[in-house]
């Protein structure tokens, strides 16, 4: 019997568990490398060349280049690691979170000012496949 | 009430506990640095100059230069860290252990072949102050 | 003998640190957040703790996937603010309390908590934002800090019950230290937030306020909340709330609530803040 | 379903590795040591485990005083022999078993063991000498290995009782893994030795043989031995024996002893070695 994943049914959410950590290992370590200024510079100069230094899957590399954060979550990325990518781009956590919801940053910020997303509306997400 | 040290009464033995780890931190980290070949070379070329790069006490530095392992244990050294010093000197664990007992390596090796030191003879150590 | 004089909980949202560091604390949006900490600042200036045992989580700053400790206690002399990708926060370095920290480490390990002892690490917003909220912008932090990092990044974090039990053992550890110190225990992180996926922006004020009630009055019930309930109700990153249970376990059965504050939003997150004292 | 098929205990004295690596295994001094492992080599060639869960301690190789995990589980793809100051041992690299290792990590953390998850580390003689003793000198190790490092360098190590409890939880973890694997659990280190101070060279054959008896027939009693008794009776480094209790806990209540070997000396140390199977 494998370990249960009682969180699997929660919509719009990828839990960074052992399975995700395994497939995302090199992706996340690549992200971590962006904490150093010279790595950031090399990455910015040529995304593809820098990514090719890492043992990541082609899918992961494409998703980084596309800044497709939902895809990156599905491919084993963890949001605190992925944060190094959008921080390198000079973008905020709120910007990145907004892109994952499909809203503009303004719509998303307005939702937050109005008290945020209610878990009572989780069913609205069921029809939005992600990852 | 401070933590008990039920091992304090065991003769000829320094337990690497929290108190020892605190006073020995830089000494042990210096030892660890000897795992790199270029650090070993610099240390061998000039013990004193290399030691002066570390935030160790004068007493600790003198004890390193004298290769006084009992003194180093008393000053916060741990034997697995100190091992980097005698390994750098090309000397074995058995050599180092022998020096700590006051025996020659031959006497010590003979004791081991005869079954080692018996804990029943611990009282013989009581009169040998260490550290 | 060292004494636990109070417990504090607070969110540690990085945007709060950025607002302070960039001189935007006076803007109405942020003023609503900082106003909730006015009481705390006056209070702690009078309390003058000697040491804060600060429970927080590292956010892929000091610990990458190479090594992930469930519980890491900082026993070093000093901890510097981490460079989280835009340079370190312009805040003072953190002075440790090695003697007390080593004592706690030894005591907790002998009590069957499998700690990782860390002498050298940088500390990220999880630790420095709570200091900023409580102390403002001094040239040096007015007390020593023992960083205690809990893994909540890779699933599974320790359970709430485990954190609560650790808090109780922490109380025994601190009270057995031979030194006349006033120690506060802070539990940081939360409240409800989800930073990822189509469900990002989740806020559950009802859950948060019930959790605040439970932390004060029924910590056993709070400790029984399973991981999946935090994730479902408070969002994937809301699971940080387990860290508050370490603070609560350290305070003893009954507490008096000196202050309570709840506000939405700070960036993606709800902000919750409590000041508690063990009941006389 | 994965199964625990056997348990092995063995010392991991570095001089044994050096004797092998330097072609001195045939000398009478070392022949006495290696003869005790002839049975094991034949036995394991037939058993063909898929994975060895190898409990050992790091000796200031992968972990300095900067960071000391009480329990560290290696979840990486590969682990290389450490350079312990005279170059890495000329033995094969170690292939990990990440899927099973992550499963065990998750299971043990949910069972309230506060593990540190390690994806990247070198492994020292504590791990490679047991492989050499059991498998000789092949071009590649014939099975995968999950390194499990226990702190026994900085006092306090986890208690024997804690290690025994971890072994029991480890059994549940392995048996809940969805994969048809034969897993052995090895507990290494010991037996009596003291490498430091005027008391160096301590060997207590009486204690060691009683400990071998207890490990086989009365593990609860072995688990109750306090740290100070190991230090007093088996020497300051004899405390490594707590690691054997993880192996024993994983085997269930009753075991059959397939092999037992005890010898003095190997360098500064007594050598003890058991092969155990869960009783049918």
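Which chain is which? They are A, B, C and D, in the order written, and residues in each are numbered from 1.
Methods note: a contact is a pair of C-beta atoms (placed from the backbone, for glycine too) under 8 Å apart; a residue touches a chain by one contact, two chains touch by 3 or more.
Quick caveat: nothing in here was measured; it's all calculated off a predicted structure.
Between B-C and B-D, more C-beta contact pairs are found at B-D. If each chain is reduced to the centroid of its CA atoms, chain B and chain C end up 40 Å from each other. Centroid to centroid, with C-alpha atoms defining each point, chain A and chain C lie 25 Å apart.
In this assembly, the C-alpha centroid of chain C lies 37 Å from the C-alpha centroid of chain D.
Counting only residues that touch two or more partner chains, chain A has 17-18, 21, 25. Residue positions 65-66, 106, 110, 119, 154-156 of chain D are each in touch with at least two other chains. Contact between chains, as defined at the top, is found for A-C, A-D, B-C, B-D, C-D. The part of chain C that touches chain A in the complex is made up of residues 14-15, 59-61, 64-66, 83-86, 153-156, 192, 194-205, 207, 226-228, 231-233, 236-237, 264-265, 267-268, 270. Listed in rising order, the residues of chain D touching chain A in the complex are 1, 75, 98-99, 102-103, 105-107, 110, 119, 176-178.
Chain D makes touch with chain C in their complex at residues 65-72, 106, 109-110, 112-121, 154-159, 161-162. Taken together, the chain B residues at the contact with chain C in this complex read 1-3, 17-19, 21-22, 25. Residues 6-7, 10-18, 21, 25, 28-29, 31-32, 34-35, 40, 69-70, 73, 78-81, 83-84, 87-88, 92-94, 97-98, 100-102, 108, 111-113, 115-119, 122, 125, 128, 130 of chain A touch chain C in their complex.
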